[in-house]
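In the two complexes below, chain A is the common chain; its partner is chain B in one and chain C in the other.
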Partner chain A sequence: MGVSCVFSYPVPEGLSGAQVVEVLQKQVETLGGIKAGTFLVDCETYQSVMLNTPKTLHILHNSEHPASCFAILDSGATLVADTLFNGLMSNLKNYYQARKGAKIESKGQRFQLSDFVLKIGSVSLAGSMKGVLVEVEYCPSVIAGDCWNLLKELLQSLKINVADPPRSLKPKMDEIYTPAVTMLQYLDHFNSFRTAAAMSQPPR
Partner chain B sequence: MSDQADHILQSIHLVQKLRSGVGQVFKDLSDGISEYSEDPQNRDDTENQGKAEGASASSKESKSAQSSKESGSDKAEDQKHRAILKTLKKSLETISHDFSDLEKTGASIGPVQLFSNIDNLSLDPHDKNAVMHSQLLQSYKWTNKMHELASQAVSILSQNTLKRTQVPKFTNAKKQKVNMLAACQVPQASVDQLILQLDQTYPDSSISIHRPLGGCGIMQIELGHTLRAVVVLRGLMIEWVKVKGFGESFKNEDGQFDIWTASRYQVFQKVTDNAEAASLRFYAPAMPQLAIKSFVLWLNGYKTLFSAPCVKCGKFLLNNIPPTWRDYRSREPYHDVCRP
Partner chain C sequence: MAAPSVSVCVEAAIENPIQEVRYDGQEIHVTPLSMSENLSKLAHKINFFKDESEEKGKPTSEGERETDEEKVLAPFQPSLWPWDSVRNKLKSALTEISVLYDVLNIVKEKHYMVTDPVSQEAPELKAPLQMIAKKKSLVIVCKILNTGADRLKDIQAEMGSNTPDNFLWELLQLRKHWRLKKVQNTILGELSYKSAGSRFWQGGTFEVLKMSDLAAEGEATNKKSSLDVSIPSELEGVAYIQVEVKSVPDLMDLTSATLKMPASLGAVPPDAYWQQKLETAHNVLFCKELFAQLAREAVQVKGTTPHMVVGNQILTNVFPGIQLSIVLCHYTGKEKKVNLSPPKLDHNHVLEHSLHQLLRKEHSNNLNTSPPHPANAMLGMSKRRRLAGPQAHSRQDLIQMAHSESMLVQILKQTKHAVLRLRSMHVIDQLASSLQDPLICAHWSCLNNSLESSVRVSITSYCYETNRTPLILIIGIDTIRVVVREGRTCVLSFEENELRDFLQWQICQHHVQSVQSLAKLHGWQVLSATVSSGHGDIEPYGTTATVMLASPKGNIRNDITYDPVDKALMFHLQTAWRRAKIPSTHTHNMSENKQTVSAHSKCKQQIAAIQENANKRPVHELWDSSSHGLSGANAPKRPKH
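And then the complex of A and B:
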């Protein structure tokens, strides 16, 4: 368990997402990264039915923490529970219903690069590819503020320039890092992918 | 050799005879002497067989007892007693005779020629033990080889004059002993006091001491949220250093201290190497307290392990590893290859 940062990698015009992923994987392998399995982060969104002010609940899973289930409200309140929580949600279908066609996931290859773990995931929303997310994890450290510069330098060598830490990580830079923060970052990106998808679709 | 075997066989027979004689006496004593009441025919049979001297004698006695029976009952009673006693005496005599025989034969048996245990084992016909013999031979060879290698190692190591743990030499063993005593034999209380003092000196790191196995102390250092280190102290001498990440633990599943397992991260493996080197660098048997103090001060420089760039190249990462070396005086961070 270490500090993770998730960044969206822009897909330039004229290139497909799959090509970008391939280029990135090659770059990581040139740096000395070794393939170490695959990963999957998925997110399902539930909408409250009964309440006057509708509430949204996101249920996320991460293959790095296979026994856990992350439930995040829009406010950012996070609950980390066992995977049994999924069964609880199906019992709550009178109150919370899954939004249709909203399942979004990021999956791809996982690389080990000395003490770093790099994950290059292609994001797909309801089956169609929307973009590329790169997660960089530095395992030995537990304080994001300490190793932020290390992460930044590693990302630079991958030709990813970042100036500021991700929005959801920023207030937690000097705290002990928890896996829930990774999920918050993923959720941020997933949400922006969703809005982008909604914008591009012609209104019916 | 065969002579010896004959003697042994003979003495075994004698022992058997002696045992049966003694057994008979006890049986007679418990059951009563039976010959006395036997009828003459049986008596004759035993006589003819001539089994034992005592038996025939007692039968003769009982003959006379039979004859006296006719004369008077009182007399007969008296004779019965006598007969019993006589029988007993006879058989005891036989026993003592047998015993002296056995003693004689026993004296003639010399001490068995001394074999080593392993030879005896090889003679053992039992199947189960057959494997053991070859195994023992193998381990014997192994031990021999180890001995050989160890002596070679000694000859190579003795060429090196820089030593941490002194091998007492014949010339100045006494002097060295005194030197070692100063660093190693320190009362626990003063070690505890030093640790407490160190703990107070560095408010953002916690330093504690544990003694899971008595004498030797394990100093545990938690440096901010960056790393954990264990330092094994013999008295006030640093014997062992291991550094791990903040997320890792020095306790194994049973909750016991595990000072052997290395960190799973490359960074801390490097830091461990450097810390071991530093423990030798700061080794000062004459001033053990100062040695520990300077070591802890130096280790404290690793608080910025992830956040400080290399002084020489100005970068954070080199070969994907942050600067893991700290200068011994200035505690400035350097990459392994950037060292001045």
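And then the complex of A and C:
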């Protein structure tokens, strides 16, 4: 179990997402990364139907943890469960209904660079490409605060300049890192992509 | 003293007791006795006893007394009425006592009369009556015995007979051990291990037959039971799995596997009891399943070691030169008797038992899934796998969890460990028996399992047991891990020679160590002690240990080197070109590969001799700055003692 940070790589104007991904991949390969399969992180959103204040529930899956299913509420509470949880959601369809067209996923190549695992994923919402997410994982460490600088350095070599750790990682810098925190980071990014997509659409 | 007079009234106490107190308070006293009445009362109280000396004069005295009394009584007749009873009583008492006295005299003295027992008349013996009485009692006894014997006879008859009741009883016994079901008119039973968790394709169904009653008693065959079973043909006979570990000189021996002829094992006689038949068939099925599984695994293996499956034999190489063969011997009794000298059966019972256990474990794993048993999820997952989801295990962890070993791999591991353990035992024992100088002692731990054992080897010198070199060897599947005294661990491979070389090296280390401690005892100063010194040729294994000692007087330096390969304990005396004076036996030492009887004691002697020599010589002659010897270091200047 290592520490992962997820960053959004801004797609410059004029370049398509795929090209950006390719560039990043080349950079990783020049660094010495070896292709080690693909990865997929997806998120589905459910809305509660009965309550006055609608509650949102996000269900995430990560190919790195194939036996698990992550459920995150708006408040940030996370639940790590077995994949049978998906079946449970179908039983709860009277209370939580899936939001249509809200399925978002990040898919791409996985690279192994000695102790690091780099994942370059293209984010797609309802079939259309929205952005690029880069996840860096440093396997030996379990405390984010200890290896944050190392990750920053690695990202700099990939020409990604970050000043601060991701928003959802900041409060957890001194705790033992769990996969749920990765999913929180992903969710943050997914939400921002969603809001960006919603804003870009002209209101009807 | 004339006090004012107080009238004191003196009264006697009430002499007459109060008989009655009336309701009006009047007391009625008991009338006091008159004088004569009082006297008679007192006379009644007198205890008259007879005086023994007056025996003869008794009657007369009695008469006298009587007359006296009568005399006394005569004039006082009316007033002596109370005495009458007394007199009568006295008389009767006297009579009684005199009679008693007479009887006693007769019995004791025997002067005039003797007492003779009165012979009683014998009762009349009526012989016929007695006989009748005896007859009656005997008849009763006979009746009891007869009823008992009859009962026993009935039970015996019941046991031996082939009545229909017996068949039912036998069927009941059969049902206690085997699963039976009735299909139309026949009763079928199940021989397979399916209810125990087996998934073997071959099932065994046996049929229960009723033996018809053999009325003719002249029949030679004596059916013990009225029930017989018919076993399916493929499960007939006797089978067993034979596991053998043998050393083959040639690695290519895998191809020269010959079909093994099972040794002459008795077939099941046809009129054996049904339980025996069924059990043998059950065993045949088990062995078949075991062999089928092993053969399947052997063929499907994707690893590096190839396994050879020929007919009823599986051959595989355990170590180079060691082969494991698993044979299914099934003797059905229909093979033609080939007069082969039966090959010497070398069963490895431990491994055979392990194989049986492994298959049984698989069966039970098939059946007993670990809890929980959810309705919607997969059954049979271990607790760790079930928690993999909530604990977000990575792919690597899941892959590791899913990895399970086949039976063949497991038995191969066990075989490897068994072989390695035997080899190590052999090496240690060989070394221990061949060397007398350092004593090697091995303590094998009783806590071990089929894949790991441990032994504690201690190297000591005779009489110097406090200086001990301990070694712990942990024998694994195909490596041996050694933990040395300082806590360092080395990993040795399965080669026998490696272990031997390692032990030799440790022996050398031990020698040098003991020299060191011995020198200290003698007052020699240890200048340096190196476990792995660099000088000398590079040995193929082990390192040379060196110790540099200085004599108490400081005039002699002694370097002792122990070379594990040549087993040469050489020591170089630095006594500045006086080496020639020192007898050659001291320096030339054990350059041959023979071990001395006690290098240790020789060392001791030599140190003593050197000391002696040193003491005899004047110091300045011995000391020279241009040093000899192979150590190469300059002799430090010492002040003259």
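The working rule: the second predicted complex is superposed on the first by the 204 of 204 C-alpha atoms of A that agree within 3 Å, B and C clash if a C-alpha of one lies under 4 Å from a C-alpha of the other, contacts with A are read in each partner's own complex, and residues count from 1 in each chain.
Rule of thumb we're sticking to: a contact is a pair of C-beta atoms (placed from the backbone, for glycine too) under 8 Å apart; a residue touches a chain by one contact, two chains touch by 3 or more.
Since the model is a prediction, treat every value here as computed from it, not as a measurement.
Visitor: Return fit or clash for chain B versus chain C, each positioned on chain A through the superposition.
Guide: Pair status: clash.
Visitor: For A:Ala180, decide between first (touching chain B), second (touching chain C), both and neither.
Guide: Touch status of A:Ala180: second partner only.
Visitor: Of the partners chain B and chain C, which touch A:Val80 in the superposed model: first, second, both, neither?
Guide: Once the two structures are laid over each other on A, A:Val80 reaches chain C alone.
Visitor: Per the contact definition in the header, classify A:Ile143: touching chain B only (first), chain C only (second), both, or neither.
Guide: It touches chain B, and chain C stays clear.
Visitor: Does chain B (first) or chain C (second) touch A:Val23, or do both, or does neither?
Guide: So A:Val23 meets neither chain B nor chain C here.
Visitor: Hey, is it chain B or chain C that touches more of chain A?
Guide: Residues of chain A touched, chain B against chain C: more for B.
Visitor: Which partner chains sit in contact with A:Met129 here, chain B, chain C, both or neither? Use first/second/both/neither.
Guide: Neither partner.
Visitor: Output check: A:Met1 vs chain B and chain C. Expected answer is one of first, second, both, neither. What do you get?
Guide: The answer is both, since A:Met1 touches chain B and chain C.
Visitor: Tell me the contact category for A:His65 with respect to chain B and chain C: first, second, both or neither.
Guide: Second partner only, chain C.
Visitor: Scan A:Gly32 for contacts with chain B and chain C and give back first, second, both or neither.
Guide: After superposition on chain A, A:Gly32 lies in contact with chain B alone.
Visitor: Following superposition on chain A, which residues of chain A contact chain B and also contact chain C?
Guide: 1
Visitor: Using the touch definition from the top, list the residues of chain C that touch chain A in their complex.
Guide: So the residues of chain C touching chain A come out as 376-377, 385-386, 388-395, 398.
Visitor: For chain B, which residues are in contact with chain A within the complex?
Guide: 225-226, 245-247, 263, 265-268, 305-307, 309, 315-317, 319-322
Visitor: What residues on chain A touch chain B, complex-wise?
Guide: Listed in rising order, the residues of chain A that touch chain B are 1-2, 31-32, 113-116, 138-143, 145-147, 149-150, 153-154, 157, 176.
Visitor: Could you pull out which chain A residues touch chain C in their complex?
Guide: Where chain A meets chain C, its residues are 1, 63-70, 80-84, 87, 178-180.
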